[in-house]
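Before any comments, here is the structure.
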Amino acid sequence: MSEHTAYTEGPKVPARGERETLLEIDGLSKSFGTVHANKDISLRVDRGEIVALLGENGAGKSTLVKQIFGLMTPDSGTIRIKGDTARIKDPKDAIRRGIGMVHQHFQLVPVMTVAENLMLGHESTKGGVLDLEGARQMVRELSARHKLSVDPDAEVEDLPVGTQQRVEILKALSRQVDLLILDEPTAVLTPQETDELLGVMRELASGGTSIVFITHKLREVLAAADRCYVLRQGEVVGGVDDLTHTTTSDLASMMVGRDVVLRIDKAEATPGDTVLSIKGLKVKDDRGLPAVDGFDLDVRAGEIVGLAGVEGNGQRELVESIAGMRPSVAGSVHLGSKDITKSNARDTNNAGVGHVPEDREKHGLVGGYSIADNLVLNRYDEEPFAKGFIRDFGAVRNHAVTLREEFDIRSPNVEAPAGSLSGGNKQKVVVAREMSAKPQLLMAAQPTRGVDVGSIEFIHRRIVDARDAGAAVLLVSAELDEILSLSDRIAVIHDGRVVAELPGKGADRTEIGRLMAGDSDAGSDSHSPSH
Amino acid sequence: MQWVQHNKIWAGAAALILIGAYAFYFVNSNIAVSMFSYAWFLAVPLVLGAMVGVMGERSGVVNIGIEGQMLVGAFAGFFAAAATQSVVIGVIAGALSGIAMGAFLAFSTVVGQLDQIIAGVVINIVATGITSFYFESGKTIPRGLPNFDVPLLSDIPLIGPVFFSDGPIALFALIIAFTLHFMLFKTRWGLRTRAVGEYPSAADTAGINVVALRLFNVTVAGTLAGLAGTYLSMEATSTFERNMSSGRGFLALAILIFGAWRPLRALAAALFFGFMQSLASQLQASDVVNIPQQFINLLPYVLTLVVLAAAAGRVRAPGAVGQPFVKGD
Amino acid sequence: MADPDLPPAKDAPAPATEPAPTDTGAAVPVVAERGATPPPTGVLGILVRHQAIVVPILAVVLAFAIGAILIRAQGFNPTYAYEVLFTHSFATESGLLATMQKTTPLILVGLAVAIPLKVGLFNIGGQGQLMAGGIGAAWASYALRDLPAALIVVVAVVVAVLLGAMWASIAALLKTTRGVHEVISTIMLNSIAVGLIDWLVNGGPLSDKGQPFPTSHAVPEGARLLPFLKLIPWGLPVALLLSVVVAWMLKRTTLGFELQTVGRNKFAAGYAGIGTTKATLVAMALSGGLAGLAGAFELLQIEPYRYQNGIAGSLGFDGITIALLARGNPLGTIPAAVLVGAMRAGAPTLQFQLGIRPEVVDVLLAITLLMVSLPVIAKLIFRRHATKQTQLAGSWGA
């Protein structure tokens, strides 16, 4: 980075025009079929500044940066890097021009070591043989310089998510990067890890590296960015050049185009009998390692229990195990008085568990099937949808027509393939199916991920309605805001265990953040072992 | 030496096998040499076939069509040699036909996004169709590829006569297994190939041309399949028969899996297959046991199923094998 | 849901970027998949909607065109060759019977490939399963030779179906319990069937030692299925009926829904409580049974009514061509099997009348398979409207 130091000696935020313009985008458009993912986007990034791209899911942020990094080609418009307007052909070209990117889904080869991942694409060799020692040395140097410690010989798949992200950043830095793009870098981090990352970003920027980071979290924009652009429906709808006097609600209304209701109106919960009772549950992950490790939780009728936690702390395995999709190795799960520990997915569903799965594309829907078929995916062989072993298409259709209306599923008809719907409408199909069975227990995992704001409000409303109708609701979400706004009670999961339970009302996000990070002292005041 | 420390079990097993083989050799050197030579004789096309699989699957492309590629190689090599009366031209034709078959698989799957398994099955059926249509009986080649002694190495007891007194393709198979192993784990090409087969988008974002590397590997691997076929029709025998690959391409795939997608382990697995067959023939010939000949012939196929069932869960396929790479996804 | 196309074993990958949602306040239907463009109208529109038929026809035409070049290169007149081929197969009494006799097993082995395709499995083992059925029928008919003829036929057919199903189930069990890929296991099982049966009829317990060549005992005369009205082989109506039943089963029954769900998205199937294991076993057993039945008909309705090596010809592999030509549609196997059957039936005549080697049919079928499986062809005509292709290879590493 030594050649960049000249730029760092100026004032922290120099006036516009004093610094070199590193990236300039002009009139860029990109569409997929009839959908405009990016429409006439223009923006500018100067040397050494941190620019946030803010927008909700589907606003076109990822598409935009993928074009900067050469992963996609714009339909029209120019991307100028250090004055050069030549088309960025591919990532190699982008790297050559000093662009680095940390992807939302880490681009690391899991079975290779940190050093191998770091050298990939720009390997140095000695007499034709890979210079692994050199790569190790490079990892050590970069780690030391940027205070991002990693073991060069560790295999990436054995590393925790936060460390993998460090490797991603080091990988980008190993290539003499002028512009570092971070795509949703904080999605997988605890609030504390997030703070650390923001610190690293500021340090890099003061060293002369420009940073573009994508987020939909307003707080992070205010905490780290010098400037921000707001994207909505593929267009830049606004920008803030000086963030010092901006508030989160200003940004929020720019982001969604109207005032957002962050808190949903709901009546006080009136919890009834215990519906779900989990005791000492242990579940292994795909690699056979313990993911859920002695988990205890009760959920009562008429209450929403939010399970807060950083992703990868066993939430997925927990939900899959309750739903009967993954065997548990110890402990028990009861639904009312019924033991469903060993029930398969179907029996669990029939017993009264509705499950909105985390990955709706993978588990929740069959993309090639019609909406109607998807709405009976786990009841296709029950009355009235089948008479004996023969399916009754009339009944399936009628059911679908009713639910399409009731759940506001936007589609040409119920015969349209579910795969052709937008994220929000796909989720409405899943929610409609699971709620229409009037479950005793509704499990919703990441129910609003990748869903537009309108659908989010709708889905939240329905979850509260289900509670008011007497269902027990277990809400699992990585979005702390979602947990805070919906939950009557909050349980925090860390390392496969409930580390604290708190009342939903008046819950403190910093405290929950510390609990999520595994800081057990944090919750000592409010830990309520009553359940 | 570092290898020995990291692979204690493998090193131990290899040492034991070597000791056992030499013990056998000192008890009866004639039978030992003939049995091990026959084992290697049977293993050669399997080794080459498995290396075809290594190159393809390590970069993410399944090759079910090795069988057909071998068959075409055997056919092209033999008939080119017969037409020109030159074995050298025969070998070249065999290798080139392999390239053509490799290129077909490469372009149809990597560029055309044809499902890799369907593509392989299509190759096999097309190979059978074409080789039987153009087959002409009664053709001969001047001579098969000759055996020769590698200086010094062929004087080593047991190993010398088994591995270093063979024809050129057999020697090539031995060399290519070691070379490929080295290249896969020690060179830039190898690192990139493994990355592309394991997680192509990571390779892509690191500036590696995934499509080009896959095309290159699968096409070049075809040469090895062509040579495996040429071995069958010009080195192991001097004749072409219909369907003469008789399932060896599939055995090679099983060996590849059993060998955990590592060239040297696959070499060992191929030798194991060859040895089991050689042993069965020896037992049959010496009247120790009376098994119908058909059962001896079945051995490799049954062995394949057993070996695959046993390997399940113990080996891990390259992460992206079988999946087409679509940029930007 | 009219979906004659092959199912993608995996759902299409989610678009990398969620497309921008339209204004949620407006009542606009959102159909926002990447590449969603309005369907074309006019002639192209008709072709796009019927591409399940258009593509195979085009593939056959192209294959015959390429075949014509090959035949010409051998010094023959291709139009005349095709004329001879099809005149014999359809316009002569013996040729027509032969065509129908060939079509019978071809429909069944075509179904034996098509059903597993719906579950995302590629059954290359139709050949071995057919052989298992054939030898089973040979054994049963000889063992029961003193019983009434009708009973012999029924038991022989049942044994054939069970043996075929059993042979296929080995591959299914290896897949579900040990994760062995069905493509390799079914191919190995084909080779094993060849060897085992060779032993059985060549000096083994089922061989008719009174004959100078390896063979099983002949089916008792009364139990031979002579053509109905001297023209229609008994197996043909059975095969036709079964393809209708299979089509109905897949479309209208809960079992069909289960099989197709597993084939399209096995994760969603697991979520819905539909077992992949059960679907794999059922689909393979059904397929094996159908192929076994084909073997029974080969033995019971075709001279010399004995099991001899080579009886299966390349029927099992033709089944792959047929299933892919039919794009996995059970009813589509009928015309595809008729075409292949006619070519197989007419091949010997090409040799008698013109001196063209009968293997020309192998080449023609191979090219047809090539043409129908290359997605490039559909993409060239339909561009982004081309239906998605089967995804089987994704299960390789699993």
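Which chain is which? They are A, B and C, in the order written, and residues in each are numbered from 1.
Please note the rule applied: a contact is a pair of C-beta atoms (placed from the backbone, for glycine too) under 8 Å apart; a residue touches a chain by one contact, two chains touch by 3 or more.
Only a predicted model underlies this, so the values are computations on that prediction, with no experimental measurement involved.
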| request: Could you let me know which interface, A-B or A-C, is made of more C-beta pairs in contact? | output: A-C
| message | Farthest chain from chain C, going by mean C-alpha coordinates, please. | response | A
| Distance between chain centroids, defined by C-alpha means - chain B, chain C (Å) | 30
| task | Quick one: report the Å distance separating chain A from chain B, using the average Cα coordinate of each chain. | result | 45
| query | Among the residues of chain B, which ones contact at least 2 other chains? | reply | 316, 319, 328
| query | Counting only residues that touch at least 2 other chains, which ones in chain A make the list? | reply | 66
| said: Residues touching two or more other chains, restricted to chain C: which are they? | reply: 16
| Which residues of chain A touch chain B in the complex? | 66, 69, 71-72, 90-92, 95-96, 101, 103, 105-112, 116-117, 119-123, 125, 128-130, 171
| Can you list the residues on chain C that touch chain B in the complex? | 13, 16, 70, 122, 124, 174, 178-181, 183-185, 187-189, 191-192, 195-196, 198-199, 202-204, 314, 317, 320-321, 324, 357, 359-360, 362-363, 365-367, 369-370, 373-376, 389-398
| message | Under the definition above, what is the set of chain B residues touching chain C in their complex? | response | 62, 64, 108, 112-119, 121-122, 125-126, 128-130, 132-133, 135, 246-247, 250, 253-254, 292, 294-295, 297-298, 301-302, 304-305, 308-309, 312-313, 316-323, 326, 328-329
| request: Flag every residue of chain C that touches chain A in the complex, lowest number first. | output: 1, 3, 7-8, 11-12, 14-25, 27-38, 252-255, 257-258, 261, 264-265, 267-268, 270-274, 384
| task | Report the residues of chain A in contact with chain C in the complex, numbered from low to high. | result | 32-37, 57-60, 62-63, 66, 233-234, 323-325, 344-347, 349, 355, 357, 359, 361-370, 373, 377-378, 380-381, 386, 389-391, 410-412, 415-416, 419-425, 450, 452-455
